[in-house]
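The following blocks contain the structures, represented as structure tokens.
Both complexes below contain subunit A, partnered by subunit B and then by subunit C.
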Partner chain A sequence: MRRGDLVQLLGPIGLVVLVGIIGSLGFVSPDRQVEILGALVSVAIVVSLYVFVGNSGVVSFGHVSFVAVGAFAAGVMTIPVTLKPTITPGLFSLLARHSLGNVPSLVLAALVGGVFALLVGIPLMRLSGLSAGIATFAVLGVTHNILANWTKIGPGPLTLTTIPQTTGMLQGTLGAVGVVLVAFAYQRSRFGRKLRAAREDPAAARAAGIDIHRERLWAFALSGTLCGFAGGLFVHQAGTLQAGDVYLDLTFLTLAMLVVGGVGSLWGAVVGALVVSALGSFLLDAENGDVGFVNDLLGKPLWGGSRLVGVAAFMALVLVLLPSGLTNGREFGLPRLPRIRRPVRGSAS
Partner chain B sequence: MRALEDVTVELRSGEVLGLIGPNGAGKTTLVNVVTGFDVPDSGSVELEGRDITAWRPHRRGRAGIARTFQGSRSFGGLSVRENVQVAGLGVGASPREARRRASRLLDLLGLASAAEAPAAVLSHGQERKLEVARALAIEPRFVLLDEPAAGLPEAEIPQFAEVLRTVRDERGAGVMLIDHNMALVMEVCDRIHVLDRGRTLAEGTPRDVRGNLDVTAAYLGESAIPEEGQPDADR
Partner chain C sequence: MTEHVQTLLDAVALGSIYGLMAIGIGLVFGVLRLVNFAYGQLVMAGAYALALTQDVSVVLSIALCFAVVLALSLAMELAAFRPLRNASPTTMLVATFAISYLLQSIALVRFGAIGKILVVIPQLTKPLTIGSLHVRWITIVTILVAAGVFAALTLFLTRTSIGLQMRAASIDSETARLLGVRANAVITVAVLISGAIAALVAVILPMAVPERILVTPDYALRETIIVLVGVVVGGIDRLLTATLGGFTMGFLVGALSGFLPSSGSWPFTSSVYLDSAVFMLVIVVLLLRPEGLFTRSRRSVVDRV
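Showing the complex of A and B:
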């Protein structure tokens, strides 16, 4: 691996670790710590999403499905066996009679996310463009309704509680770093390179022997695995879970993060997740009346719902001003390109 | 209407076959049919005796049939070097082997100085050369070049002709060349196949074809072309 490649990795990892360290400092309030930890989990989710969307160029509105199944798997399987009959009655007895530790539950979440993505991807990855996007969205709807109603695999319409909150600042940081490492390794691998070529020009990629369906399917399954894992972090951070937590709002938020940072780069996914998390936290605090100058300015807290509106407006602004996102779709510290003369484009065709 | 009618073309190993004809003659369609980007309503494509008509394009690529495209089809966001590397990876070469091929081909095509630049900033002529390098990176047994010299400065044409001969002689590949630069076609091709309005108008050595007045007529767009050359719209 060339040195320039390692520099690309330094930015995302360094930033995540920095945020993790800041979150661990003694003077940071517990509320703020929750927000910072949430931001790290968001990094994990958005980078997982990026593995598919960024490399394939195909938008997926359904990736939160994989976060959701991971979160429910990890949540349901870590509740103490003795509490399960009250928290989530009606489980299959296999699920009701066993519980897992924290780390095994994260592995399970990743597996469930990956297998689900693979199964869903087999038919879906044959689609492209708008139909692929809509189909992934349909998957999200189906997944949500199953999770919100089927009480044999989860709480159904109830809220899952008493989930061990084992994802602290250290696990959140390590989890996000791990996802970034996998994403980086993938995009530098032959599989990642082939998929990125297909993103740039599908016809030319096929002429070069690249099986686009297959490459997309690998990316989709890997991305689903990472999303499932991130869902495990999500649920172990929150401690409670209901189907609505991993549905439309999260889908919008994570896509906004990816778009704001820049869909085309890993660095963009990390930056976008952190910037939008910070903005969202600020607006939420302002809604709750915790931001002094907003209270003074308006004479009252910010209107409820300002968070999603604010994030949406910010995303629209970024899209207008910087269509390729805050990072312009570049990786961190990309070595300066050699200066080459820009010849006049020929007119012959 | 039919884009191609009763056309039989054989591309042999170790030759450069020119495919010429006026615009709309069906040259690109023929390339698309051979490489799997267009599926013919009837007729077949064979690779060394095997019927590959039903194969998808990427499978034909792996079987050693490479092509370039008429338009700009580089992987714009990737560097020039990566463009060539990824084609090697596409047909299953190891990353090390793909790197080796890329270095060699960038040298061959004279693109080494621009290797690390994003392909999107290349001039039209350079981009055509990049496409040729990419096609060669799959180490093809047959390579179909759709107007590869368009946009190349006249001064670079002899060098480009040399590249084609290298591919033919050193790799023993069969090269099909579509180009409007008749000097290049006449100089480098072993055989020439002339298409007009979806039909074969003539085929033979450059000398034979040059002597064929019909060809000249078709090329100049003169009305000397016989009426039966019209594509049959109703069939």
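Showing the complex of A and C:
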């Protein structure tokens, strides 16, 4: 790897680790820690989404289905066996009689997400453009509808509770860093480069012997695996889960984070997730009257609900004004130092 | 027997509403190549306008609903669609996603999550009895209104100059502009007609669909999703195929929810799995005919060089 490539990787990872360290500092309030943890989980989800959307250039509205199955798998399988009959009655007996620990449940979540994405991807990756977008959306609709109603595999319309909250600051940071590493490794690999070539010019890529369908399918399955894993992190952070938590709102939020940061780069995915999360936290503080200058400016705290409106307005604004995102689709790079010109000896007259 | 006739009539009425929304979405797509996910929020805004003015006269209330929705559509066009005119279709779709979310959160903050009950014209929800058949007046009115709008729009698109320009712009906007079609004028008219249809849907929907009597921030969102899917499945390139796609989805949803049993322990066996059944069908149709169910020519899915 060249030095520039290392910098490309160190930017996103450094930022994630920095956020994790700030979250672990003693003076940070528990509320703030929850927000920071949420931001780290968002990074994991958005980067997982980026692996497919960014590299292939095909927008998927269905990736939250993989987050959802991962979250439900990890959630249902980590509830203590003794509590299962009360929290989610009607489970298949295999699911009802066994429970997993934290790490195995994350592996299970990744597996479930990956297998589901692979199965869905085989037919769907033949589509492109708008019909691909709508088809992935239809997948989300089916997944949500079944998760929200079928009580043999989960709580159905009820809420899953008493899920162990094992995603602490360490697990959240490590999880997000892991997802970023896999995403980076993929996009530098043979497969990632083929897919990016197909994104730039499908006809030329095909002429060079690239099987676009297969490359997209690999990316889709990998992205689904990471999404499932991120869903596991998500559920172990929240502690409770219902089907509505992993549906339209999350789809919108994660897609918007990705587009705000810039769809075309890993750095954009990380920056988008963190910037939008930070804006949300800031507006929430302002609503609670904790931000001095807002209080001075308005004479009162920001009115309740500004967070929702503010985040949505910010995203709409960035999309309209900067369609290629805050990073303009570029990877992280250090600003080049201006070269110091040494006076050439003897030429000065 | 009469039960089935009633279910089918209700399904046709639901199909008509979805067809109306499909026209609204299809018209804007034709001239702007933009899939407007925020279309349902236009209906939502109209429904709130109606719900908040229920104590004034019906005519005034409906007029206000139209005014609000038209103003909002125009604002959307000026603030968002115009700057995005040259962006890719998916960027535009995500942007309208954001606008939809923004309008929803404004409604949530302003009016709260608890809905407001809305009945625009109570007389229309009474049943009409023919023999043993009970049909609500609104069912008949809905079907007639949708047919009327479609006929009027067909006349408008084929018989008037601006209508002709609109069709030209939707087939090939660059050539149309070269030939003197003013893009902004045509787009504004299309956006306004689309907005007027949204206002009409806001008046009809709460009376025609019993679950939609409650106006909430996510009002008409589910309808928009299903219509959008229907429009793409039907074939978004032409208004007729888009409308047919919307109608078919509405008819399917209406008929399936009437005929499926209301409970069952496995997926796809009861009406709670209606959405799954519909979306599965959609996936199958998209795989078999990605260019649209009702389009005539089969174009290659992969663009040629």
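Keep this in mind: the second predicted complex is superposed on the first by the 308 of 349 C-alpha atoms of A that agree within 3 Å, B and C clash if a C-alpha of one lies under 4 Å from a C-alpha of the other, contacts with A are read in each partner's own complex, and residues count from 1 in each chain.
Criterion: contacts are C-beta pairs under 8 Å (C-beta built on N, C-alpha and C of every residue); 3 or more make two chains touch, one makes a residue touch a chain.
Everything numeric here is computed off the predicted structure, so don't read it as measured data.
When the two structures are aligned on the shared chain, A:Gly209 is found in touch with subunit B, with no touch to subunit C. In the superposition on chain A, no contact is made by A:Ala109 with either subunit B or subunit C.
When both complexes are overlaid on chain A, the residue A:Gly264 reaches subunit B alone and has no touch with subunit C. Counting the residues of subunit A that each partner touches, subunit B and subunit C differ, and the larger count belongs to C. Touch criterion met: A:Lys194 reaches subunit B, while subunit C stays clear of it. Shared interface residues of subunit A (contacting subunit B in one complex, subunit C in the other): 203.
Per the touch definition, subunit C reaches subunit A in the complex via residues 35, 79-80, 83-84, 87, 89-91, 93-95, 97-99, 101-102, 104-106, 108-109, 221, 225, 228-229, 232-233, 236, 265-267, 272-276, 278-280, 282-283, 286-287, 290-291, 301-305. Taken in their complex, subunit A has these residues touching subunit B: 190, 193-194, 196-197, 199-201, 203-212, 264, 329, 337-338, 340, 342-349. Residues 35, 37, 56-59, 61-62, 66-67, 69-71, 73-78, 82-83, 85-87, 89-92, 95, 98, 113-114, 116-118, 121, 123-126, 131, 134-135, 137-138, 147, 150-151 of subunit B touch subunit A in their complex. Remark: subunit A residues 59, 123-124, 126-131, 133-135, 137-139, 141-142, 144-146, 149-152, 202-203, 248, 252, 255-256, 259, 303-306, 308-309, 312-313, 315-316, 319-321, 323 touch subunit C in the complex.
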